[in-house]
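This is the structure, below, for whatever I ask next.
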């Protein structure tokens, strides 16, 4: 059993941006997907924990891991939206932009759509029929039916209403000529445009939480900045909370209010951006910061830290960083450090900051703060 | 006297997709179960009679013609069975006997009525007046001459034109309704075997001339697929691999037929049998091995009285070319020159296994002249299995210790292949050093190998062609200089080839029946002592038809049923 | 320098080759273990093993017919006997052959047929594929067009046409199937060679004067083992299925103890209620083919779900 | 590579392939010696055999024979069919139509069954439903068609006596015209619904027998590409939008999984075509397949050659159409080898 993500606790508040950093494979994406219960089961297992979500307007907190599918679907794409790493893969190549955006409205805004399209009543079955039409999922016979009055007029109005909403969602992301983009297929758009479409789709329903999973990694450097700005601007407009996932510390520093660092499926440190970059507590975070490219070096990937990420197959209770940690003492291999508040709003999981007595551990087994430089 | 019986075609084509159509068979089986409703639906018969397909005589055969042209149809070919329904000859053979009766000739020439010249060389046929072809043209002596000359001029290799050209010196249309033939030499069997032979059918000159005419060595495509004759049935259409349709010819000169007719091509034997049981067919052509399925069938008449005149044969090759045998064969080329080995094979073969096992009892031991043919002698010696004698003979011949391996060529066919297997089992059971390899090949491959001269296998299995005169059996299959005697090198093996040749020739030289019988009585034991073949068995000739068929008559000389005589309901 | 280390590995090719082969073989057994976790693959595997046991121990199960054990023992005095009649547990055929004998020895015939055909086709396929791959250029073009031509005729039809020309015999069925089945292996090997050729690493080896056959043994063969094994597994079943179909149509050797032959012998008896010959023998063909297909499919699933695409 | 360029290349290689197939077919027919067997009778003398050889041009050298044959094929003259006793060209059309009608319905059955089984299994990867559909699908590829057909016959004809056999009830067949040769289409053109029902009724069992055999290829491909598509980001994205699972699979994953499945539909045509040989034999269907088995059993080379050639052309053409359609439709397709 692989413990891909283990004991991760995150909290994000309205209007706040939380950055989640870690190396590739540290479990960032799994964490993000877990929030929406997108990890397939099987092979995945949600062994425990909760994702507590309180929407802005209702005030009622729910555990996303336990609510019924139906309710979860009402939240996905509506209250919580997600932007994926590679827009080229996250958009369905077989559907036009309009079709893909229409799905969101049809799923979460059908009553408003019907209201605005002035579809009040009709023969029984009209609504499901039209909803399927809005979804672009009508059968052959339904399409023939929609060609007949009174459905024809209703469908037209519905269509117009949808187009309007889609166009406005697209133009909000500063897409030029939304009417044209709407009818394009993903492969006809550039990478940046695709990501804008993704963002438009994510923000279509004005979500409370936006999960952005490395939204700029797959993009050209020049476009990265613009997309980043866009996300920030839109966040301000919508007052949404943003979970920004990245392996790029400099990006995270730029966009986040607070930052959490993940290593091998576990959170090792959480702090405000300021604190984390000024005064990192966890040895891993320090190593990360040390590896951040300086001005002379090219920007990009994290420079290597000695050693490799341990396998996560049935891990023993231990600090997962101990094999690579310059400070590691015997206890690090034997027990698991707790993520505790070490300073104000600053939490870290490392025995360096624990009192040996609290742990009931001899001092010589504790990690050493001073490290002799061997290399 | 080459008359042929119906089974020949059965045998030849029965390979044809012997798998096809269990389905049809099964359908019909189902139809049998729910007979009442099914017959109503299928037949749409009137309330009074209990008859399916009213007005049409449905004859199911297990194959179909390769040609409809009398000048091209081979001996025993399916085409002959269609030709005889539509075309007519100068003479015909009635339901009752072997004697020719007048047909398109208004009189059968005999020496008594003066239509045969005293030297026996010139035959005069008075042609019936007022006969019209199906295309409306008139029958005249010129048309008769044209028909015969056409076959001889085309001289197609698969056809039987040589039957005419080997005997005839000249044909003449003396006047509009008198036709004269001069023979090369006197021939007592001329009227029954030549005038009543497939290439002597009278065809419409107008039809031929307006569709390509006559070209030597070239088949006529129109005539291959159409028939324009004078007979009681008119050819309508041929849906390839399905059926041939015929209608009553209203302007027929004689007693008209009562029913239209359909030739239903049903390649699968079991389907044919079930079709008859279900009443979809009025009469069928079928393998006698299926007769038990019909014995208790309601509404079906089954007649297994006679015997087919086509004994199964297993040939020994005494003329094996050097180095021609398949690689596994260890025998020397003169293996079968030794009479003892041929005898040993004859003693080793398990005849009962074939007759009782494979033929289901519907067969009899066969010999050199089949029963029913002049010269047949019930007391003539016939081989039966005798393993001790076989072993002794193999020992005497000196092949017992060394053993041998030999291949036998067989056509893929439900009757021939088991013969090969029985031979294999019989011989191999004698001695583990003996090996028989049964090489089954498709029909065309068999015919090709079989037609090759010299023949490149040591043995083959087939059935004999049927004849009415014993001489043809003997000259074709026993005479050292006969068709097969020469190719298989019988002269190399017979103790007294000259004596056998003389006896066979003598049997044909005289017309005296008693004298001939005496000669054959002398010959048969000699052939038994010096066997050139194994005769596994002779099959019964089985006929089956629905009870509702009226006026069922059958003459083996017809080669098939004659639809013109039947009525139903 | 990193490259030196790699080239150093090439200098001891035997070692590297063995190691690569060993790795591949180990991988294969891992794959096998992983596939067998799938219940359907396991079922396939079990049936295959049962068939192999039946084929191997046929002489112990039923006394072989003499002199040729692959010929049905025929008892013409008891033809078409239904199952359960004494001495004939599964009945007899229209020529008095014991159906049980045909089933058991038919397994041996099937094993013989499939092993011979698969062995021949793998050898030919590997040979042609390597020629095409290594020679490249015109040779590759010509050989691959040839492969395309062979693939243009559906398998059964091709084999049927060949067998029809050659005539009914067991050897001819083997020949016909071999002619039809080699092309897939040629494709696999050629694809692998092209792949390896594009690999920079091999260029380095080429610079060091490595021989083609070494590249073949060291890089191509180990990489091709898995797809070839999967294809061969599927073909083990497929060969018997097509072979039986040819026999059924009527191209079997007379009296051979072979399942397709039995079905064809028993087919005409079905309408007369003699169901046993065709039913039992046909079920054997089905089970054999199903078992190898399940096994092959399971392997393929684990290896590469996309490999079905051409 | 551009789609247009790709199509052009495929179209260019097609004649080369066909030429190759023609050489293969011709060579095959001469491997076992002269194809004369079907034209001769066993009593013929060598002189008569020689005459027949001359008539069919079999006395010429092989290359000359090939060129003559190929020339004939190009002109539409496929030689003389010994089993049908007629020129191949004059009898082939109705047989071709009968086979195509059967094959098309079977293909329809195979596609519908295969796609739904593949979707069902793929959506339940490694669960019981997946295993079951896998066994059912692979059974189709493993079952000897001749045996399966017989079983169906035993059950539905002997057992229940439900459906008819052959291609049509002769009386119904005779009462309508046959402009297309496709009996179902003909009956509709004649507005004869009784005949249409009759045609479908006759088609059902053989089409099911054949279609089931081809189901496996499609189902397996569908399953594996669906599994693959379900791992794609856009599927997660669709779920993240809040779409119900049913829509995620049907609208998103299945639509894309269908694309690669299309290519194997071309392959399954090969399976279907070869299935006709046995199915037509068993169900007495008057098409090309039965013609071929007749020819095989009688060693009629002209018929075998024509059959193999025509089948290959159909097979190649269908594959070309499928691949080109795929190239157009799938926006992610990478062309070339």
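By written order: A, B, C and D. Residues from 1 in each chain.
FYI, a contact is a pair of C-beta atoms (placed from the backbone, for glycine too) under 8 Å apart; a residue touches a chain by one contact, two chains touch by 3 or more.
Everything numeric in this text was worked out from a predicted model, so none of it was measured.
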Query - More contacts between chains, A-D or C-D - result: C-D
Query raised in the report: Just how far, in Å, is the C-alpha centre of chain D from the one of chain C?
Result: 24
Query - chain A-chain B separation of Cα centroids, rounded to whole Å - result: 89
Report summary line: When centres are defined as mean Cα positions, the distance from chain A to chain C in whole Å is 50
Query raised in the report: Where the CA atoms of chain A average out and where those of chain D average out, how many Å apart are those spots?
Result: 50
Report task. At least two other chains touched by the same residue of chain A: list those residues. Result -> none
Query raised in the report: Which chain B residues sit where two or more other chains touch them?
Result: 18-19, 22, 26, 29, 268, 412, 441-442, 445
**Report entry** Junction residues of chain C, two or more chains touched
**Finding:** 164, 167, 248-250, 267, 270-271
**Report entry** Touching chain combinations (by label order)
**Finding:** A-D, B-C, B-D, C-D
Query - chain B residues within the chain C interface of the complex - result: 18-19, 22, 25-26, 29, 268-270, 274, 293, 350, 352-354, 356-358, 410, 412, 414, 417-418, 420-422, 424-425, 428, 432, 435, 438-442, 445
Query - chain D residues within the chain A interface of the complex - result: 126, 230, 232-234, 236-245, 247, 250-252, 255-256, 259, 330-332
Query - Interfacial residue positions of chain D with respect to chain B in the complex - result: 32-34, 36-44, 46-49, 51-52, 54-55, 82-87, 91, 146, 149-150, 153-154, 157-158, 161, 164-166, 171, 281-284, 286, 290-291, 293-294, 296-300
**Report entry** chain D-touching residues of chain A, taken from the complex the two chains share
**Finding:** 33, 36, 38, 40, 42, 69, 73-78, 81-82, 84-86, 89-95, 103-104, 107-108, 135-137, 185-187, 198, 201
Query - chain D to chain C touching residues, read off their complex - result: 13, 16-18, 20-21, 24-25, 28-29, 31-32, 126, 131, 134-135, 138-139, 141-147, 150-151, 153-154, 158, 217, 220-221, 224-225, 227-228, 260, 263-264, 267, 270-271, 273-275, 277-278, 281, 292-293, 295-297, 299, 301, 304, 307-308, 311-312, 315-316
